[in-house]
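Given below, in the form of C-alpha cells, are the structures.
Consider the two complexes below, in which chain A is the common component and chain B and chain C are the respective partners.
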Partner chain A sequence: MSSKRDALGLVLLGRESFVVSAVIILGLLLSLVMLAVTGADLGEAIPALLSGAVGDARAFEETLHQSVPIMFVGLGVAIGLRAGLFNIGGEGQIYVAALAGITVSQWLPIDVPVLAVALLLVVGIIAGGVWGAAAGWMRAYMDMNEVITTILLNGIGFLLASWAIHGPLRDREGGGFPWSEKIGEPFRLPVLDVGPLTMPSGFLLALCAAIIVWIFLDKTVIGVELRTLGDNHDAAAYAGARVPLLVIVAMACAGALAGVGGVVELSGNQERLSDFFSPGYGFTAIAVALVGNARAGGVVMAALFFGALTAGASSMERIAQVPASTSLVAQAIIVALLVVARSERLGRWVRARRQLAAALDGQVA
Partner chain B sequence: MDAVIELFISTAFVASTLRLAVPLMLAATGEVISERAGILNIGLEGMMLVGAFTAVIGADLTGSPWLGAIAGAAGGAALASIHGVIVIRWAGDQVVSGLALNIGALGITTYLSRKILGTGQTEVAHFEPVNIPILSDLPFFGPTVFGQSPFFYFAIAMAGLLSWVLFRTRLGLAWRSAGEDPDALDSVGVSVARTRWTALLVCGAMAGLGGASISLAQLFTFIENMTGGSGFIALALVIVTRWRPLWAVGVATFFASADALALRIQALDVVAIPFQISLMIPLVLTLIMYGFAARAGRSPSALGRSWLKS
Partner chain C sequence: MGPTHKPAPGSHLLALADIWKRYDATVALSGASLEIERGEIHALLGENGAGKTTLMNVLDGITRPDSGTITWSDTEVEIDSPKRAASLGIGMVHQHDRLVPALAVWENIALAVGSSFRISRNEIAEHLTELTERYGGVIDPDALVSDLSVGERQWVSLLRALAGDVKLLVLDEPTSTLTPIERDRLFAALRHYRAAGLSVIFITHKLDEVFALCDRVTVMRGGETVSTVDVASTTQAQLVQSMVGRPVDTDFDRAPSERGEILLQVDSLSVQGARQTIVELDLEVSRGEVVGIAGVDGNGQGELIEVICGVREAAEGTVIFGDETHGWHHGRAASVARIPEDRHRHGLALGLPLWENVHLGRFRNRGLVRNGFLNRRGAHEASEAMLEAFDVRCSGPDQPSGELSGGNQQKAVLARELSDDPDLVVAMNPCRGLDIGAARFVLDQLVAVRDRNGGVLFVSYDLDEILAISDRILVMASGRIAGELKPGPDVIEQIGLLMGGAEIGVNAQ
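What follows is the complex of A and B.
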C-alpha cells in the first residue's frame, strides 16, 4: 500500500507541471496567511483580488495588459537561462528601448499605422538588443559576470531615460509631470474586440514572440547550440561552438525581447515614457521565466498568472485597502519555494526514494 | 580652476563622501565574508532594506538608536537565514534565491511600513555625529573625518576585525576553505554547512547595519525602497576588493567620492551636466573598475556552488 502511495508521489514530483502548480498554490496560501496575520480582512481581500484579475471584461483586459511586458521580457530571460546566462537587465533594456522608441517616433512621424508600428518594433529590438549584447560582450571577452553587469546597466539605462524625460523629451504641456508626450497616434497598438471581451493587440504580438522563441530554441541549429552551452560549457566549446559569439547572441536576444516588451508597453498601454514606466517588470520577468521552466509555453502561462496577480493586487488595494506590494511578497515566496523544489537535496531525495521503490517492486515480483 | 578645486577639496565634499561610503563599506565587508565562504548573496540589497526597516521599528519602539541598530542587524541576519535554509540546507540555486529575497524584501517592507508607520514620515530616535576627542580638533578635515556617525567608526573597525578573523584565525581558515575547497574542509571533520552559516549570518547582520546606517544616521525615517540599489553596488564593489575586507573601506570610499562628486556638481552648478547624467558617473566607474578587477582577480573556487555531504 504505502509503496504504491509513494510511487504516485514520486511520479508527481518528477512532473514539472505538478511541482509548479503545487508551489504556486502553496505560495498563494502562505501569502494569504501573511495577510491574515497582519490583520487584513480576507473576506474582502480575496473577492477583490479575483474580481480585479478576471472579474469582468475590463479586469480581463487589465490582466492581459499586465502580462504583455513580463511575457516578452520573460521569454528573453528564458533564452538566457537555456544558455546558462542570467539576464537581470530587463529593466534597463525596457527603458532604453522605450526611450529609443519614443525618440524615433518623434523624428519620423510616419502616418501609416502598420509601418509606424513595425518601425517601433525594429527600434525596440535594436535598442534592447544592443543593451543586452553589451552585457554579453563583457561576459564573453572581459570575464565579467552578467548578473552584476546587467544590474549596473539597469541603473545606467534608467538614468538615460530619466534624463530624456526631464530634459529634451519632456512634455511641456504635461501638467508639470516629468514625462514624455504621448506617442503619435499611428504608433499606437489598438485594443481588439474579441466577442464579449477586449484584448490588447500587444498580447497577440507576445504570443507570436513565444512561438518564434520556441522554434528558435528547439528547431534551429543556433538554438540547439545555445542549449548545449547551457548544459555544458566545456562540451560546447569542445564540439566547436564559438562560445563567445553564442554568449553575445543569447544576451542580445534576451535584450531584444525585453526591448520589444518596452516599446509594446509604450505603444499599447502607457503611451508615454515616465520615471515609473516599469514597476519592476524586469524582475517579475525573472519569476515568470523560472516558473515557466525557461520554456516558451511555460513562460506564456506564467506571465498570464503573474499578470493576473498584479492586476488583482491593485484592485485589492483599491477595494480592500490591502497594499498592492503583497503581490511582490507572493512572487518572492513562489520563487523561493520553486528554488527549494528544484534544489539538489530534494532531487537527491527523490532519486533515492525512486531507487528504493524500484528495488521493492523487484522483490515483490 | 578654482571651481574644480572647490569641487574636490572642501569639507562638504569629504563629508558627503564619507557619509555615502558607510552603508557600502558595511554591506561590502559582509559580502566579502559570505563569498569567501562560497555563498553568493545577491539578496544583499534586500537585507539592507529589511535592516533599514527593522532599525526604524526598533528605534521607534525603544526610543534608542542603539537598540534600533541592533534590530537592523537582526533584520538583515533574519533574511540571510532564509537564504541559508534555501541554499545551504536545501542546496538550492544561490542567484535565484537572492533575487527572490530582494523582491520579497521590497514587498514586505513596503507592506509593513504602510501598516505600521502609515504613509506619513515619522522621525525616529537617531544617531548624531560623534566627535572623537582631540582628533576632531585637527585642522582641515579633522572635524569632518572624526565627526561622523558611530556607523562610520564601526564600519572601519569591523573591516579590520573581519580581515583579522579571515586571514589569521581558525574560523577564517574554515571560511576560506568552505569557499575554495569544501570537500577538503569536510574531510578534516569541519562542518561545511555550519561554516557557511556563520559567514552568511555575519554578512546578513552587516548588510542590515548598512541599511540601518541609511535610515538611522542619514534620513531618520523609513522610506519605501530607501536603499535604492546600494546593495547591488556593494555586490559589484566586492569583486573590485578582490575579496579582502579591508579593501572594502577603500573601494567604498572611492565609489562614494564619485557619488559625492555627482551631487556636488549639481549643488555648485559649475558644469552644465544634467543630474541624471552625473548620477551615471559612479555606475560607469564601477563597471570600468569591475572590468579591470575581473581580469586581475580570481573569485573563490567554490563561489556559488552548493555543497551537500555525500
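What follows is the complex of A and C.
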C-alpha cells in the first residue's frame, strides 16, 4: 500500500475504504430495516431521501451547505486524532468563533467584501484556535484530559454566545427571537454558479482547508512530529520532540479549523448567531473524522456523505413524514459498526483466519 | 471445585511443567518449569523480562499458556481465570496493588472473599482483626484505601490475599515500595505463614532478600527456568552468574585509547524514581571510553538514563554535556545519541514507516527541512542509505517499523542515532531480547563510536556484555555507584559482591 494514497485519503482504492464502504452500506440497510419496522413507507421515503440529497440543484446546494461546517470541524478532529488527542470541543469552538465573528463584524463594518471575509476568517481562526489551545495547554502542562476539558469548554463557549444574543448582541427588530442581527452584507460568503448547479463558496474554502491539512500533516516537520506523537508519545519525547508544544499546536489547529467552520457557517449560510446555530456539528464532526479515518480526503468524503444524509432526511420528513432524526440514527449505527470493524480483536481474528487458511493451503499443496 | 483426593505425603503442592507462551514475535516463556513444596518460601529470581510475571500470570489464570501442564496437589488442573486460581487456594499479591482506592479497607477485602450477595462489615472487620493479630500490623477497616500510604496498601493487599483459604501465596516484588521496617514485618509474617505449613512464591530480583528469607530459589532467564537450588548451598556470585550470564562472543578488538576531554558530567544528581531513588550521584564519560554500568535491574539505572536523556526531571543536581548545562526539557543535542531500553515504547513509532522513524527528531539537523516543509525525497533517499549501512532487513523504507523483527527494529534505532557520528552515545540495555548475532552487531557499533574517539555510556544487566566492551565499569546498587572497577579476569566476583552486597549496605564504598 502506498503511503501517498493513504495520506490523500483516496481510500476508495484501499482496504480501509472497502471496510468503510461496507460499513456504510450495512449501516444504511439496517436503518432502512428500522424504518420499515416502524411502519414507514420505504417506497416513498427512499426517493424522498435521494431527491433531497442530490435530486436537483437546490438539493445539491443544501447538501453542500450541510457538509461545510462538519468538514471544517472534522478536519480539526482529524488533526487531533493523528496526534493522539480527542477534540470533543468542536461545538464550543464553533460558538466562540461565530460570536467573535459577529462581534468584530459590528465593530469594524468594512465595506470591501474580500477584506471583510478575510478578517472574518482570521477572527474565526484566532477565536477557535484559542479555545482549542486552552484545552491543549491544560493537557500539556497540567495533565488534564482533553476529552473532559473540551467538553467543559463547550458549555462555556455556548453559554457565552447565548448570553451575548440574549443581551448585548440581540436583534432589536428580531420579533423577540433571541438571535443576533444578520451579519453585514460585505461579510457574507456568496453562493457561486457552477454550470447548472450552485455551490456555496464556503465549500471551496473547506476543500482548500482539506488540502492544507493534508500538506501540513504529510509534508511538514511539525506534521511528522504530530503523527509521531499520535503513534507513540514516549518515542516522540525520546526523539527530542517538544511534546507540550506539539500538544498545544495540535489542539490549536483543531480549534482553529472548527472556528473557521463556525464563521463560514455564519457568513455563508445562517448569517446570524442564535441558540440553535449549531445542531451538533461539533459532534457529527467526530463521526466524520472517524469515518474518514482521520485522513483529509476521507474527511471530505465523509462530510459530503453525512451532509447528503442530513439534507435528504429533512426532505424525507417533509415528503414521507419520516422523522429527520432517522439520519442521526443512521450515523450512529454507522459509527458503531465502524468501531467494531476496526477493533483490534476483530483484526486479530481475521488475521488468525487468514493464517489458518494459508496453512491449510500449504498442506494441500 | 478444589482437588478431592488427599495428596500423598511429601508430594509437591504445585508443579508447573514445560510451560510455553508465545506472543506474535516474542517468546515470553519457553518451557518454564517450577515445583513448589509444602511449607517452603520459594524465590523466583530474574531480571525484568525474564518471564517471572508471565509465569505467575499463567498460574493466576490471567494468561493462558500455549502448552504445558499445571499440577496442583497431584491433580492436573486448568486455571482459566483468577477466580479459579483463588478457588484452588492461590493468593496473589501483585507488584502494583489492585485495590479500589475509593473504597474502604473492609470493602476491598469483601470484594476478594465475599461470595454471597449480602456482605457484613462487622464480619469482615472481625476477620481482619484476626488476620492482623496473626500477621501483625494495625489497619483501620474503615479507612479509605486512597488515604493509606504505599506500604499500608501493600499490607492490605497481603491481608486480602490471606483472607481466603489460601495454600499458596504469590508475591510479585513486594518489597520494592516498602521501607526497611515494613519489609522486616513482611518477612516475619511470611515466616509465620510458612511455619503453618503453607507455601510462598516470592518474586524478586534482589539477591539479599533471597538469602534473608527463602528456602529454595529458581532462576529465570529469557523465559526459561535455568536452575533451582537450595539457598543454603549457593552463593550470590553463582546466582548473579545464572541470572545475567549469556554466552556472548567476548572477543572484541579494541584499539588502545586515551581518555580525552569530558563529554558528559553528572554532578550530585538526585532523582525521585518510581522504583528507586537516586541520591547524589556523580558520573563522568570522556572521549575514547566505554563506561559500563553494571547492576541488577531496578537499582536506579533506568531513572539515571531517563534524566540524562531529558525525559525525566531530576530533583537536584546537573547534567552537563561538553561545556553546556542542559535543563530537563532540552531538545535533542545533535551530538548525543540515545538508545532507549524499550524500543517499542521509546525507540520507534511502530505505526509509521521506517523512513520517518530513522529521522525522528532529526529532520532539521539533517537539512531535510526547508521553510518547515519536509524534503521527502531527500529523506527517503537518506533513509535507504542508512537502512543499508546498518543492515536493517526490511521490504523498503515505506515499511512500518512495527512489522520488523526485534533485531531489525533495534538496528533501525541505531541507524537513526548513530548516523550523525555522535560524540556521546547513551545506551540502555541495547541488546535486550536480541539474538547473539544482532547483539554482537550492536556492541560492535558502540565500540566503533569509542574507537573514533567518542564516548559511550552503556547500561546493561548482562555482565558478559559489560565485560566485553567497557573500559571502566561502574556498579550501581540502590541508586548509588557502589564501586568502580577495571575489566579483568577476576572482576566478575567483585561485581557480584558490589551488586548484591551494596543492597544490604555492606560493600558500599
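Criterion: the second predicted complex is superposed on the first by the 342 of 365 C-alpha atoms of A that agree within 3 Å, B and C clash if a C-alpha of one lies under 4 Å from a C-alpha of the other, contacts with A are read in each partner's own complex, and residues count from 1 in each chain.
As a working rule, a contact is a pair of C-beta atoms (placed from the backbone, for glycine too) under 8 Å apart; a residue touches a chain by one contact, two chains touch by 3 or more.
Bear in mind the structure is a predicted one, so any value in this text is a computation, not a measurement.
Asks: Based on the shared chain A superposition, would you classify chain B and chain C as clashing or fitting together?
Replies: In the superposition, chain B runs into chain C.
Asks: Touch check for A:149: first (chain B), second (chain C), both, or neither?
Replies: first
Asks: Check the residue A:327 against both partner chains and state whether it touches chain B (first), chain C (second), both, or neither.
Replies: Touch partner of A:327: chain B, not chain C.
Asks: Looking at A:163, would you say it contacts chain B, chain C, both, or neither? Reply first, second, both or neither.
Replies: In the superposition, A:163 touches chain B alone.
Asks: What is the contact status of A:227 with respect to chain B (first) and chain C (second): first, second, both, or neither?
Replies: Once the two structures are laid over each other on A, A:227 reaches chain C alone.
Asks: Looking at the overlay, what does A:219 touch: chain B (first), chain C (second), both, or neither?
Replies: The answer is second: A:219 touches chain C but not chain B.
Asks: Tell me which touches more residues of chain A here: chain C or chain B.
Replies: Looking at chain B versus chain C, the one contacting more residues of chain A is B.
Asks: Check the residue A:236 against both partner chains and state whether it touches chain B (first), chain C (second), both, or neither.
Replies: second
Asks: Going by the clash criterion at the top, which of the stretches 2-10, 20-28, 110-118 or 290-298 from chain C hits chain B after superposition?
Replies: Once both complexes are placed on chain A, chain C clashes with chain B in 110-118.
Asks: For chain A, which residues lie in the overlap of the chain B contacts and the chain C contacts?
Replies: none
Asks: Taking the touch rule as given, give the residues of chain C at its contact with chain A in the complex, in rising order.
Replies: 309-311, 329, 331-332, 338, 340, 345-353, 356, 360-364, 369, 372-374, 376, 398, 416
Asks: Applying the document's contact rule, which stretches of chain B touch chain A when the two form their complex?
Replies: 42, 82, 86, 89-93, 95-97, 99-108, 110-112, 114-115, 229, 232, 235-236, 239, 274-277, 279-280, 283-284, 286-287, 290-291, 294-295, 306, 308
Asks: Looking at the complex, which residues from chain A come into contact with chain B?
Replies: Interface residues on chain A, with respect to chain B: 38-39, 86, 88, 138, 142-145, 147-149, 151-153, 155-156, 159-160, 162-163, 166-167, 280, 283-284, 286-287, 290, 323, 325-333, 335-336, 338-340, 342-346, 348.
Asks: For a test of understanding, state which residues of chain A touch chain C in their complex under the given definition.
Replies: Residue list for chain A touching chain C: 2-3, 219-225, 227-228, 231-232, 234-242, 244.
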